[in-house]
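Two complexes follow with chain A in common, the first pairing it with chain B and the second with chain C.
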Partner chain A sequence: MSLGVHGVNKSFGGLRVVDDVSFQVQAAELTGLIGPNGAGKSTLFAVISGFQPADAGCVRFDGHEIQRLSAAARARLGIARTFQVPRPFAHLTVRENLLTGARDQPGEHVFNLLCRPGVVRQRERQIVARADAMLEFLGLTRVAGERAGALSGGQQKLLELGRALMTEPRFILLDEPYAGVNPVLIEEIERRIRTLSEQGTGFLIVEHNLPALARLAARLLVMDRGRLIASGTPAQVLADRAVQEAYIGGGP
Partner chain B sequence: MQGYLTAVGTVGGIYALLALGLNLQYGFTGLINFGVVAFYAVGAYTSALLALRGVPFVLDFAAAAVLAALFAWPLGVMCLRLRDDYLAIVTLAFAEILRTVIVSEEWLTNGTRGIPGIPRPFSGLGAAAGGFAYLALVLAAMLAGVSLTVRLVGSPFGRLIQAIRDDEDAVRSVGKSPARCKLVVFMIGAGLTGLAGALYAHYLTYISPDQFVPLLTFYVWIAVIMGGAGRVGGAIAGAALLTLFLEGSRFLRDVLPFVSEVQMASLRLAAIGLMLILFTLYRPQGLLGRVAR
Partner chain C sequence: MSAAVGLNLAVAGLIQGLLIALAGLAVSLCFAVARFPNAATGDFMTFAAYAGVAAQAWTGSLLAGAASAVLLTAGLAVASYVLVFRNFRGRSLVAPLIASIGLAFLLRSVLTFFVGFDQHSFHVPIARAIVFAGARVRPIDLWLAGTSAVTLLAVLAVLFLTPIGRRMRAVADNPELARASGIRARAVMLTLWTLIGACSAVGGVMLGLQTVVVPEMGWNLLLPAFAAAVLGGVGNPTGAVLAGIALGLVQALSTPLVGFTYQTAISFILLIATLVLRPQGLLGRAEPVR
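Moving on to the complex of A and B:
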């Protein structure tokens, strides 16, 4: 299974933020996407997840073109994403945040609430059990009943990862999962991601913490000023002159 | 005095039903409906016109709620995929358009002369007992509204609409469509508002277009904000406070005899505005809202 973009362009006003980018990511190969600020990484994420339409090009998932699908439809297909700045449901509890991520709850339709309350209750029990397991997995059990808005930034990052996982994704786009997270938690998140990756979930991760990302990723893609400038193993990419220049800010 | 208290209770109960509808829309889902009075008017006219043609009360009330919800449908379909502010503008405009239509379509609504002689349930019981029975009916409708809200909000659907209120994009990112849920909530809220309109029409036994002005919409907003948006009890508390205030200021005339009737009406509005400002400053979460973190 793979996720890919082909000739994707995206401009805001006169500024071409993503410039003819093509690549393909295999689920078996945990991939990092790096580049200096403003390189177009988050915009590319938005194009892949359906939050921004591409001006040109296509997005393929598992062999199908998906660029016409809504963001919600792509999530239902199995592409989950997190946001650079965490966006929890601030007034819901941590557990409710996870429950909202779960798919196939008939109780989200009023008709079923009225006519099939038994089915709704049964599904809710399954979902609650999964959410509790997820809380355990993320180490958030202690704060399960707290409002998500009251969590620390690092905990919100974890919660967002958990909410994305509740959708039973096949592919996860993580936007700076380590930003604002303390080193102990980073190791924690890293372990979780590795476990999931070994279980077959695909990952594309934008991250500025290069040492941490290099430990995790089998492959790195590098963007600069909207273009894809390099790709390869972390060792190859970090030794690449063009990449170093992009990061130091030199070069034409 | 007993008759007066029954009247205040009835009006307060109708306000509470209106506040419950708006609280479901705004408090729990974040929908900005500035056209509350429109759905109220649809309910009032529907029920009144049907009753005058001899349709039984139960069907009148049901039709009022259903028709108000149906009026909400096209507005919701048009606006709920767009940003929040579109619904606000469209509902505000809808309320004004509807009032103009009611004034002009005399064959149906009797225009500015209004509709007199709307039958009131329980009127056969005499003034005191009939009024009391009607109060009981209004309170029963209010309790039904409370129980509906509690059940909806506590369900997976309720969880989803509150998630929508907090962050629509995050809801999309987990594969759910905010527009569908918002439309359903908008229609349910409009249905409650329509029912309130029917109760009002049969209580007053006379309705005319000048009773359905935007001011009413803002009274309901004030009730929801003061009571605590997003809290089930908040709608009730806010409606009680609003009724207390609107009625209480009547007695102020006895204390301030030098103020004329017209001045008093303006003073009342000014005082409500002041109260709203004070709430916004010192208790933005409302009477029953959670204390801010």
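Moving on to the complex of A and C:
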């Protein structure tokens, strides 16, 4: 299974934020996407997940072109994304935030609520059990009943990761999962990502914490000013002159 | 005023309050999830009352009349979403608000074209009022209060106790994140408009049962309904219900002071005062931070 972009362009106003980017990511190969601020990484995420339409090019998932699908449809297809700055469902409880991510809820149909309450209840119990296991893993069990808006920034970050995982994704786009998270928890999340990756879930991770990402990723993609400038193993990429110049040189 | 007069006013106010709560809940649900104040809510109620009267005349049963009114009005609300409001997705609230005002006038014109301006009324068996501690209560009023209360609780139960309600609240809270969670917007919106229609319908039939069915009946209830939605905290359905009941009581109990004619002015004053002094509503639900 793979996720790929082919000749993707995206401009805002006159500025070309993503400039003819093509790559393919295999689920078996955990991949990191790095680049200086403003390189177009988050915009590319938005194009892949369906939150921004591409001006040109196509997005393929598992062999199918998906650029015409809505963001919600892509999520149901198995592409989950997290947001760089998490903004949870503030008025819902922490547990309810996780429950929104669960799919196959018979209780979202009025017919089932009225005519098959047993089915709805049974599925609801399963989902709640899964959400509670996720809360346990994220260390959020203590605040399960609180409104998500009351959580600290770091906790909201974890909740955002948990919500994405609850959608049972086949491919996950993580936008800076470590930013604002304490080092102990970073190791926990790293372990979890590794386990999921070994079980076959694909990952594309944007992260500025390069040492942490290099530990995790089998492959790195590098973007600078909208273009893909390098790709390869972390060792290869970090030794690349163009990459070093993009990060250190900065200038035109 | 004497205790008996006060009690009578309180009973009348409670029933009026439950009616305002139904309309306020319909307004608040729409504002919370679809994000615009639906000025057609009152005319959904008027439509329901006429549909109920017609269905009662046809079937001879008040219950069948009320049930038909709920089904038809839910259908009308869903149709108004599919044909009108769906097109304004992602736009500011001005466009759907203006469209809803237009829809309100359209509904009323179509109704008066077919049924004219004559008064209609439900056929209600005449029964002796029950006297309790000096307060006179008609049996029909007990039915009105009971049905309204059950409807209000049922709608809130769907919203807070079921998976579809959870998804509605998620969309209301953060539409973007709801998309990332794969929530089907269409299923949520169809359920939302069914609830709005059903809620307005029960309110309309109750209003018609209480007095008479005329073309302006729903429109006249729109101001108190908006006041309840704002007082309860914009986009907070539970708050709208509580504020609606409170508003009915305040209106009724103020009658000896300001007279019957100026009752509605109280809603207006409270609405303006809330918007100026405490825009987050009395229950203080702040809008989510962007």
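Everything that follows uses one rule, which is that the second predicted complex is superposed on the first by the 249 of 252 C-alpha atoms of A that agree within 3 Å, B and C clash if a C-alpha of one lies under 4 Å from a C-alpha of the other, contacts with A are read in each partner's own complex, and residues count from 1 in each chain.
Basically, a residue touches a chain if its C-beta (ideal position, glycine included) is under 8 Å from a C-beta of that chain, and two chains touch if they have at least 3 such contacts.
Since this is a predicted model, take the numbers as computed values, not measurements.
Following the overlay on chain A, a clash is recorded for the pair chain B and chain C.
Look at A:Arg68: by the touch rule set out above, it reaches neither chain B nor chain C. Legend: residue contacts after superposition of the two complexes on their common chain; A:Glu124 is shown touching both chain B and chain C.
In the superposition on chain A, A:Leu92 makes contact with both chain B and chain C.
Using the contact criterion defined above for the overlaid structures, shared-chain residue A:Ala150 touches chain B, although it does not reach chain C. In the superposition on chain A, A:Gly101 contacts both chain B and chain C.
In the three-chain superposition model, chain A touches both chain B and chain C at residues 49-51, 70-73, 75-76, 80-83, 87-92, 96, 99-101, 103, 105, 107-110, 113, 120, 124, 149, 163-164, 167. Partner chain A is touched in their complex by these residues of chain C: 158, 162-164, 166-167, 169-170, 172-174, 176-185, 187-188, 191, 194, 285, 288-290. Contacts from chain A toward chain C in the complex involve residues 49-51, 70-73, 75-76, 80-83, 87-92, 96, 99-101, 103, 105-110, 113, 120, 124, 149, 163-164, 167. By the touch criterion stated above, chain A contacts chain B in their complex at residues 49-51, 70-73, 75-76, 80-83, 87-92, 96-97, 99-101, 103, 105, 107-110, 113, 120, 124, 147, 149-150, 163-164, 166-167.
Taken together, the chain B residues at the contact with chain A in this complex read 151-152, 155-157, 159-160, 162-163, 165-167, 169-177, 181, 184, 188, 230, 293.
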